[in-house]
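Okay, so subunit A shows up in both of these, paired with subunit B first and subunit C after.
So, the complex of A and B:
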């Protein structure tokens, strides 16, 4: 059943271009959304299946013959699969109305599902080379999705994204090759044991540096962020939401966490590097966001800043820090997807992304205005929304660890975040209605349903945060903290 | 050792030339030569399977596809090469050599010699048995590539 997380989106992606010949809109919409509903059901089904276990390694067989495909399902991968399925479903719902004017909807969904299959594959792999392979699956699909609009800006952004992503892949591959050379293994457990027995701190440091560069580029941490503010705004809104809400987290943060905390082991030096990368990203990107006039560009910089929070929490390495980092990852996936989708609603209604040209749209688009406010306040960390709790946990973890300066900067960066989100709210929705927008209407039905769903999830996760943390986030954090050594060792893997 | 260094230098030269040339035909030929050199390097490093794939698929098949596509789509007329190509490339090469010299001098002695991984059977065993999951990923990459071509070279419908 676990293999369905990869196989189902891939198979449906293969069918969709053919289905698109028969039905241009209805069947592609139906199939794509059905895939996400099935994935959500699978997450709950598998979650029940591994309840109480630290990890489960599923070996695939075909007609009784083993296929040598091993998939790792632990609290961390399940948590991420849940986030991908949930946010993916909201994006898919939004695309029903939004992608109509782009045309070739079946191909759009097919590419989107391949990207989802790549991400799901990455979340289930058990060795380093498979990380690289599935990173590429998701990345190749995402290059095409960024350029889907076929405009000059889209193509340029896609090319820039492709180039920098290729650099990231090259660094990752170099790191994997070196590790394979010295340990003779690729699976997490053997590599972990091999590195521990290796008497060359320099070589381990070099591999770690390659991985930091590679995953840093994928996660768009400052100073490896140059591609993101071009790529994310240029893509169609649902894809901006998928890239910011999911892809940078799966191919950047998840892979980085899995490799550094479960394979390399988090050394004090590595922890310090990650924390500094996190704090620099948090502050620099927040300052850069303040100067933006394009709403999607502002949101893109905000993504870099919030990934900084996540990496800061995880890099701290304490159980509470990891818990806070992972919870913020989930909350940011919900809220940033919501905000990017709403920016798409605004762009569709007004034809512009320039905040200075908007104004007073709250009167014409009340639902979009309210849901944007929910997403903004959530990311800014205003109680009782979900972002508040995750930021609070990260800050408490920093204080507990005696990192007062980091905690203070995190609080100040949160104030900056609130500032630029209020700017969006003021310039786009509040004030006098710009006469140009007198005929603007609320977003179409499915777009509204999708954003309302995400806004309600932001509110519900905030109000019932203890339940979310205990059922989804804590098992994920436990899996990261305990590491694969104990979890997989007990399974004889 | 001298042959290896010459092959690696040739690889860098032709890879850089493939990027610098504006004429797509020249660029494709430089890429093919770079792949050929890489294939020879693989053979000399006792990796005949990957060497054979590199030469037959990348240097051979893909180059043919590139050249056919260029021949079918070229509008005619020579492309004027950028003047920058005349000086950027030698400069790039010298900078690369200097950096390489210093980096490698720093690394030699600090990195243990990389031993070969234990043999896990023949090529077929490794591909079909040990690395089966990679093939699933490969299918995903091929899917993504095909779908990307379908999406990016699509014709707009009349009603769009």
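So, the complex of A and C:
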């Protein structure tokens, strides 16, 4: 069953281009959305399956022969699979209306599903090389999706993204090769044990640096972030949402967490480096977001900044910090995809992404305005929305660990966050209606359904945060902490 | 009569207020009929209560000594009766005078709510319900002033609210201190010596009481309201109801809660407040050019006599003060109502435009004359009796200065009423006003009733003194002390009464002098005083509201907020606006400039980052 997480999107992606020959719109819409519903059902089904157990390791077999491919489903993977399925579902709902005017919907869905398959695979695999493989699967699909509009900017952004990613992949591969060279193994458990028995700390440190470049670039941590503000805004809005909401978290944060916390073991040195990367990303990207006039670029910088929070929490390495980081990851996935989808609604309605050209659209697009406000306040960390709780947990964890300076900067950065989100709200939705947009209308039905769904989830997660944390986030954090404890002490540094 | 019947004077007016609110505006007579009938019913019950005089009703409420505790005894029954009487007269008067007011439904609702709150305040035997009702009066007063519908009505309403709120806050503070000292909130259980903290409580509660009664310096809304509020509101609230409540509470403070010693510091403070109020307010009253405004300053000035009387802390003074309270309520209500009658017919109350109305409005003129003579203390009206008692009390303390102040007040009071009566009813007929006729009977009946009561309480002063006043003092003077004030009340041939009569003569001469000097224009008769050196400068300052604590307070607060704005708010704002924003934008600018979009740059950053990370990791490994 676990294999279905990878196989189902992949198979549907395979047949979609063929279906597209028959039905331009209806069948692709139906199939894509059905896939996500099935994935959601699977998450709940599997979640019930592993509840109470430690983790489920499934060995794949083909006609009775073991294939030496092992999939691991623990709390952490399940949590991430849930986020992917949930946000993916909202995105595919949104695409029903939004992707109409792009044409070749079937191809779009196919690429999107390949990306989803890549991400799901990445979340389930148990060895370093497989991580590399699925990372590339998701990445290749995303290159194509960024360039999906085929305009000048899209192609340039895609190319930049591809070239920087290739560098990152190269270093990742180099790191994996080095690890394999010294330990003779690739699966997490053996590598962890092999590294523990090893006495070459600088080599391992170098590998860690390679991994930080690789995953940090995927997660768009400053200074590895420069591709993101070009790539994310260039993609169609649903893909922007998927990239910012999911891909950077799965191929960046998840992979980073898995490798550093569960394989290498988070040593003080790594912890320090990760926390500094997090805090630098948080502040620098928030300041950059402030200077943007293009709504999607602003959101893209905001993503970098928020990933900074997540990495800060996880890099802290305390159970509470990890919990806060993971919770923020989930909340940010919801809120940021909501905001990117709304930026798509705005772009579709007005044809522009320039904030200065908008104004007073709240009167014409009340639902979009309100849902954007919910998303903005959530990310800025205004109670009682979900973002408030996760930021609070991170800050509390920082204070508990005695990292006062980090806590203070995190608070101040969230003020910056509120600042630029209010800028969006004021310039786009409040104030006098720009005469140009007198005939603008609210987004179409499915787009509205999707954004309202996400906004309600933001509110519900905020109000019932205790329930969300206990049923989804805590098992994930526990799994990470448990892996961390077994891996720790295995390394000399 | 059972104990829960005590709720009736509170709940019935509330019910009436709701009913009149529900009657649509276009339905005409019903509202008036209901309100007059209800006020008759209330008057009947007040009379019944007065015959019982002893009833308590108590239910637990919030715990901790906060009970809903009503107590009817002689004093509260007396005030209750007075309130009901004035409510009836005002309701009757309003049927004509307030008929065509735009917010007539609200007017009646507020009037009856006022009655409910006032009755509740008088009956309360626990400070918490007392304060509840006391505060409720602020709200209805606010509403009633705004019904005036003049340009500044809302402003004046706010002014009354803030001044009243200040006094009430002070009272609440005093009550809290008293609670701390005595450990109880029940009025009838409290009796402490005003020393130390209790003295502070005394002062604070006195501020609450005299603020309600409208003494200086908390009076400044009353002259404004005289112009901005309906005249019935003036006749009902500042003239009658607030005097009854304020002086009732002041008497309770000085007689019951605290034992005020004769000539103690606190007694002298009270007498000083009283004397100052008499003199300063009457000086202001003298020069007024508007009938209602003139009356309103007298409403302030006369409070001084009551406070002075109670402050003497000698039985005759206290009795005089309380007697003056009910007398003042009657004649001042009558005076305001007669000014309302003039306004009703002539459409103005400016003294300059009026004149010679005695022919056309004889009943109003008669009622006014009786009330004016009563307030001036002319023998044998009620004002003479109560003022003489206050004079006696003041002399008895040994501080003649207070008696002198009271006499100065008497001179100027009479002078100003000579001026007012002369300007309005005597002299040549004013040409600005067309021919008028006497007001309708619901207007002149209340005026004549009050005038009749003024005569009755003066000539047959035994009745009110025996029935109303003396029982209040029982238990507060030494046993066996003679408590008969009525025997010599009308005696003229004693030094004090002779001086009083002399004062009236001086006032008459002053008026005639001023009248002659102003070329026989009565409304200018006060000009000699107005233009007197030194006084003129003070008057000019007063006209600029220099002495108005509300205006000065507002000016002070505005100044303070201006200073805070400039010295604290703006710098902080500038810090955020210029400092934080500019720094943020500068960083943003630098960072944006770095993002050139060149692939090579970005790649270089990544590699640089890698080197940095690797370097730091190897550093940390050591």
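Keep in mind that, in the parts below, the second predicted complex is superposed on the first by the 481 of 493 C-alpha atoms of A that agree within 3 Å, B and C clash if a C-alpha of one lies under 4 Å from a C-alpha of the other, contacts with A are read in each partner's own complex, and residues count from 1 in each chain.
By our rule, contacts are C-beta pairs under 8 Å (C-beta built on N, C-alpha and C of every residue); 3 or more make two chains touch, one makes a residue touch a chain.
Being a predicted model, the structure only gives us computed values, none of them experimental.
By the touch criterion stated above, A:227 is placed in contact with subunit C alone, subunit B being left untouched.
Contacts of A:284 after superposition on the shared chain: subunit C is touched, whereas subunit B is not. By the touch criterion stated above, A:456 is placed in contact with neither subunit B nor subunit C. In the superposition on chain A, A:217 contacts subunit C only, with no contact to subunit B. By the touch criterion defined above, A:125 reaches subunit B but does not reach subunit C. After overlaying the two complexes on the shared chain, residue contacts for A:202 are found with subunit B and with subunit C alike.
Comparing subunit B with subunit C, more residues of subunit A are touched by B.
With both structures placed on the common chain, the touch criterion links A:34 to neither subunit B nor subunit C. Shared-chain residue A:148: touches subunit B; no touch with subunit C. Subunit A uses residues 202, 206 to touch subunit B in one structure and subunit C in the other. Taken in their complex, subunit C has these residues touching subunit A: 584-585, 587-589, 591-592, 595, 597, 599, 601-603, 605-610, 613-614, 616-618, 620-621. Touching subunit A in their complex are the following residues of subunit B: 110-112, 114-115, 117-118, 129-134, 136-141, 143-145, 147-148, 150-152, 154, 156-157, 160.
Looking at the complex, you find that subunit A touches subunit C at residues 159-160, 163-164, 167-168, 171, 201-202, 205-206, 208-210, 212-213, 216-217, 223-224, 226-227, 229-230, 268-270, 272-273, 277, 284, 287-288, 290-291, 416, 419, 493.
Per the touch definition, subunit A reaches subunit B in the complex via residues 6-7, 10, 13-14, 17, 24, 67-70, 101-104, 107-108, 110-111, 114-115, 117-118, 121, 125, 129-130, 133-134, 136-137, 140-141, 143-144, 147-148, 150, 178, 180-182, 184-185, 200, 202-203, 206.
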